[in-house]
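When the chains are written out, they are named A, B, C and D in that same order, and each has its own residue count from 1.
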């Protein structure tokens, strides 16, 4: 089984720019993370975009949906900014069928020592292997169906609706 | 759902002793790892023992089996040294029924910057939620049934039999 | 000998705010860094302010100069943002006499795994013990007299004038 | 000014061997540490040996003394295991004259997240620039003349004699 990893950016991949003192996107850290995790799963990584999910447009979401619908793999992990992860999950649920898709991200960039990213990536790659077709959000040890999750921005956590 | 985490030691928890220059067990790092992963799953952690799995006796395995059989939780993650993880998995398969048990560990101690531990813990906590009752080994992104896995010590990886 | 460490903020102490995704100042990391370095030198830490050096006013510089002039210690390390470190060094040279003062900082926040902060702090605490009275800037292994240094912002390095 | 860095191994460079679970020497981490510290000092690195200082023979010490005596540089940092650092310092004091030589090491390997190595390297590279000819031991923020230092193995610290 090959798991496709679709990279879209998000906190996961934010870096510190030494020259400007600002956070920025440069290259993805997913390959480093897989190496750190000594991941022996067969994966294929596509860097689709490197953006903050607050800047993600409907066109960008269309690109993600198309990439997931058109790839040969039926198990897909998407790394994504947390702020609009749920919106992208909804777009995927509408546009892709018969595949297991798990979105994940990080509350703290992987480049920070204290990042949750490696934990979340290990989690998402596991849920995607074990769950039936559908679209899910896996964050911080929990996994939610796409239509039963929201980001509580005040608390900085993902939680079930109602 | 509460996931019980049973700590037995292993590479996961090895530390560097500054006074002697040797590796040793001191306290478990599992709580630190859950905090790093910002784990929002409901977990209960039991530190059953803190030993190298090469030193694990049949009596120790009996203790682990009893702890898993007797606890109220039906989803259990066990942190364990890699060298005899498969033997403990077999003991659990013989002695515990109707529960989902996932053994995990690390190739490199969590206290090392380059540890795979956080990735594996995120993975094990996910497989344990999604898989049906049974005993499994989850390492480096893959999950094996207890009777279809071995540690290839030359390569330092877990692999399916045959 | 006691070395006084005057904390003013700067990149050294920037943290990632999980709720907003922005960098911010919270608490200083200097105590953590001294612990990591297992620093056995007798030090006294004063947190004078926690600001980006681009936001530092002449009043702030006056506060720093007064703190250095008035303290009992004759060897002082100042942690400072890199952008205006040289300006503060000049203010100190004009306002404090007979003391060895070493300003240092970091190109990358200590909270990032890849920070140069620990290296620079070890360096500054060493130069301050060994150099005669005067005001110096110690960054990335080099030490400059206050009137022979500038930050080259394009290259992100400190260098001697002319 | 070029500072010569002579690598002899020691805790600094110990790594975890994933296959055996033991600590070992492989390659030196000094280049990584200089990069992390964004060191802009002109340095030349010689890897003379990669050994535990408890295994260091008089012949090894002779090799180190000869390397320091014969190199063109007059400012030398030696990375060294802590257990016999003081003995090597004495050999250097007897055999090399007119040069500033600073021995340093680490209580915890650099490959561990909690290592003091980067702090000590920044410190040693600074003392070596600022101190007059002589042989010194720089550890954990302090610098000792070669004939006024011992390792207190019970406490895990270097301290002055008497």
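Points to keep in mind about this one:
We take it that a residue touches a chain if its C-beta (ideal position, glycine included) is under 8 Å from a C-beta of that chain, and two chains touch if they have at least 3 such contacts.
Since the model is a prediction, treat every value here as computed from it, not as a measurement.
Note: the chain lying farthest from subunit D is A, by mean C-alpha position. If you match contact pairs by residue number, over half of those in C-D turn up again in just one of A-C, B-D or A-B, and that pair is A-B. Measuring from the averaged C-alpha position of subunit B to that of subunit C gives a distance of 44 Å. Once the centre of each chain is set as its mean CA position, subunit B and subunit D turn out to be 38 Å apart.
Chain centres here are Cα means. That of subunit A falls 26 Å from that of subunit B. Under the contact definition stated at the top, the residues of subunit D that touch 2 or more other chains are 107, 113-114.
Listing the residues of subunit C that touch subunit D in their complex gives 33-34, 36-41, 43, 107, 114-116, 118-127, 129-131, 138-143, 157-158.
Chain contact summary for the complex, subunit D toward subunit B: residues 11, 14, 16, 18-19, 21-23, 52, 83, 107-109, 111-114, 153-154, 156.
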